[in-house]
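There are two complexes below, and they share chain A, which is joined by chain B in the first and by chain C in the second.
Presenting the complex of A and B:
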């Protein structure tokens, strides 16, 4: 019987750093042996179940998903669903057990899974993730699709008008404000193989991470990464190495300040709050971007913003109060949950 | 009546194995099967004679038939020269006859190729779905082995193979899985794999050494192109775990599973294979399109090919098509009554599986030729 009671994580979490009421070490759960009474061997499936249950008991959100992602990661796969039958049922090595135990202990302390495994996928890319740089959310993948869609349409229009001779390739110059890990900038670069991107962030860690991700994906030749705080004023020289841009794309901090304290511990204790907190009405950085955009954009250029569902109206009103900017919302797009999430803003030609 | 007779005749030849060899090409040069198909007085002859009448057929086919008649006339005339007294002339005639025969074989092959109707979907990519059937854990173990076989077959054929979903059982078996396969003529080869596959052996899980019979099902769905199938976005409902709450920057979720429901038909697909939600959505969409398309095709196919026995695509998904008999080391395809030995090599998904697939393809080609001929008689 004792054979069945072997700790599946291989070792007790070292230097127990439980916060608050989490002082007791994980309870030993009897694991059903795989077959007969042979030496203790634990399969990936059994480990996933074990940690999922423990997470559940400790109130860690997405208990099963977290456990699956961590086990899959240690076994060299991206998702547990992509592990083949044979991989799930062969026994885990001691080293793997130890690694899983260490990573799961971090999850018990509510560290986001993306930081724990050090990477996440965005569009078709695998990006390195490191605290405290903002972890890209799935909505932003749709923002990238909107930009791509717009660019393909422009290309077709140009082709239709036969003016492509002057521009042999569809090669837009794009400015990504608040680039974080580089998710937007790099996924655009990987899809628009002739384009160039200027990525700017005020955080030193974000700039570093974007640079590292660009190098990993071999996209560093077409990206200019700038360490600059957009709220500190315009810096045309740094932001426009290739002249005025075709698109300004941004997922700026847009959470209303009063909502900040309701965020989950994963976000509040690990992610840079500067990349989330949009001030009183969530518009602090949005207003900066819109104020500077007319100086950064080509005449035919446009802006794509990810915002809070309350923002389309607020931004519309604000733009009306600033006719000097000559900007207008040309479309509001909903995200996959049906919430108005993306703004497409044009430079209005009448005021050129 | 007439067509059923002809079908029976061709099947008889197939059952005898007369039409089976060689596996690598649809019609071998000057093989007995080709000659039998073109035997005088046969269905093919009367079909070609009708072609000589006021041209209703495609010009290419009529021209080939015309050339065939001319060449055969030429051959008959040359053959008379073999009895000539002049030795030189006889030798010349022999040479002439050889080249004539070669030409005739080529023409016959051409006619056959022109007669095989190519399906709209033959060049498409496809989605392969495997589901374990009767037999519990043993059926799931066999399903896992079948999945590996098809994955290796795709590698062998240099096709692209991408796992879309994979639901294993506890002991290393497979409940259900699907994969996307793409490459030259992938669907044309794989479409005959759809149906119920039966395994007979003593399972690993069996303690008393008794032989079990278990089954698993393969479905092969052609992947529609943008033109083949148009889906209205308004007909779709997309479900994710993020649906409730503020979304966006307010939440950090890792559950990227996506489910898509096609409201008019109620058909739903889902994917949680990827970490990126938009990738999961793309895959779920791919599966949905393949499902809707095969429903549409099934309807059309049922109308068009009622007489045909061999399975195409998802038609006859419930029919038992093949048995894997381990004690006898034998794989038998029931549709063409062909048996191959050495199961282990077969399950490697290389030349043996390919040989069987080719045989099935040829059989289907001959069936469709007979059908075409009888339709037009």
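Presenting the complex of A and C:
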């Protein structure tokens, strides 16, 4: 057990005023029964300030956010902002302080916050996170919204066609390629209650994590998780248990190989680089998905991809060079930073 | 390149002084507007709930934290704070309640909708109505409690009177 040596409130070097919190880095002492040696109580806010300051001094990015998420997590909340003022000013127990210390020490090693707290939220779901499985990015939530929007539109069109339609229920089958932690697959399953998803990943850990997340969310009865490397060839048997799909969705590795070395230590040291590196032009896996899509997709189906901002043009050109695929981009959508990030691709209408 | 920075807005959730915000110069690139209907099929480009005034997406301006870097897979940022402004009224809301950008965007819209409703409808606003309703109920409860106490007091007096022998009437001389 660690004992944090704490300076009394209000004392600061050289008469400087500061808002309160621990001034110096924690002095780690083994806990021994020395009389009167109990550290004074400390509040959540004070600990957040302390660790934020330390992270900043040590060059850890998002110092304050990291500190807040970790402290909130130990206190049982998802964000520091969601804690009541009363909770933030109550004393932290010794055990909590110890837990916070251990987790924050991992942050000092630049471990991503999501791996440290072992979970993250995506589209209203809380998913387990574990290295080296790729951590879902906030942009990808919009990818899910795009699929949902498309499905709702198709569903309304189908209903609009009236009683002639023998299948008034909308129960799409979706293929999630490179599923990672299962973020896309599971959020679609939870929002489209009649849908079924086939989730595929080449990483064993990703497959296991997706399975675990599906079980936690009680969605395992509508998902099939396949351990398969799509670059090794088409595997229709495994990928199409329910026949051709209505949607192919993917957040494939799309980083240009030459950009890999510029990635932050959080990413390079902890996440699986195979889930990021898209080869020379970032298109290696994208090309594979698009090459196989015509065999996997219904004629009325759609492909939704998350890509690098340089890819819309590259993909457009490549699809033109591959008329055999008969695919075309119907729309490019931006992410919340305004960067072209998502491609909506469909089967071109066949020429008469 | 995201040229818009996240400016530290001196706004708390309780402040919606329109005059102040109209002085604020705010760039308005259209690509930041979320797609119409991105928040569900029930409304295209509008947030509607509880009889509140609907919010039009075209009246809104969203900002996220600056320095998101290349974004996408190349970045792993955990700051999911959303700042949402209602341009006509100048009301701004900041939301970092959840760990999901998508959820924060939805919540920000809900909060903003309530504030805008309050701003435009004042006493007729939903928030005001709810408050008035709560106050009314509280007054009624208090009144009822008072009446009950009074009844109890009278009953107690009555019981005491019955248990005591009657005082002799004053003799008439």
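The working rule: the second predicted complex is superposed on the first by the 308 of 352 C-alpha atoms of A that agree within 3 Å, B and C clash if a C-alpha of one lies under 4 Å from a C-alpha of the other, contacts with A are read in each partner's own complex, and residues count from 1 in each chain.
By definition in this document, a residue touches a chain if its C-beta (ideal position, glycine included) is under 8 Å from a C-beta of that chain, and two chains touch if they have at least 3 such contacts.
What you see is a predicted model, and the numbers here were worked out from it, not measured in a lab.
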Chain A as common anchor, with chain B and chain C clashing or fitting: clash
Which superposed partner A:88 touches (first chain B, second chain C, both, neither): first
Partner chain(s) touched by A:123 [first = chain B, second = chain C, both, neither]: both
Touching partner for A:152 - first (chain B), second (chain C), both, neither: second
Contacts of A:306 with chain B and chain C, given as first, second, both or neither: both
Touched partner set for A:247, first chain B, second chain C, both or neither: neither
Partner chain in contact with A:333 - chain B first, chain C second, else both or neither: second
Touched partner set for A:139, first chain B, second chain C, both or neither: both
Touching partner for A:51 - first (chain B), second (chain C), both, neither: neither
Of the stretches 74-82, 254-262 or 362-370 belonging to chain B, the one that collides with chain C: 254-262
Intersection of chain A interface sets (partners chain B, chain C): 62, 65-66, 69, 78-79, 81-82, 112-114, 120-124, 134-135, 137-139, 141-142, 145, 251, 253-255, 259, 263-264, 266-267, 271, 276, 306, 308-309, 335-337, 339, 341
Chain B partner contacts - residues on chain A that touch it in the complex: 45, 62, 65-66, 69, 78-79, 81-86, 88-89, 112-114, 120-124, 134-135, 137-139, 141-142, 145, 251, 253-255, 259, 263-264, 266-267, 271, 276, 306, 308-309, 335-337, 339, 341
Of chain C, residues touching chain A in the complex: 2, 29, 31-32, 34-35, 37-41, 62, 64, 68, 70-80, 96-103, 105
Touching residues (chain side chain B, partner chain A) in the complex: 144, 163, 165-166, 168-174, 238, 240, 242-243, 246-256, 272-279, 281
Chain C-facing residues of chain A, complex: 62, 65-66, 69, 78-79, 81-82, 112-114, 120-124, 134-135, 137-139, 141-142, 145-146, 148-149, 152-153, 156, 251, 253-255, 259, 262-264, 266-267, 271, 276, 306, 308-309, 333-339, 341
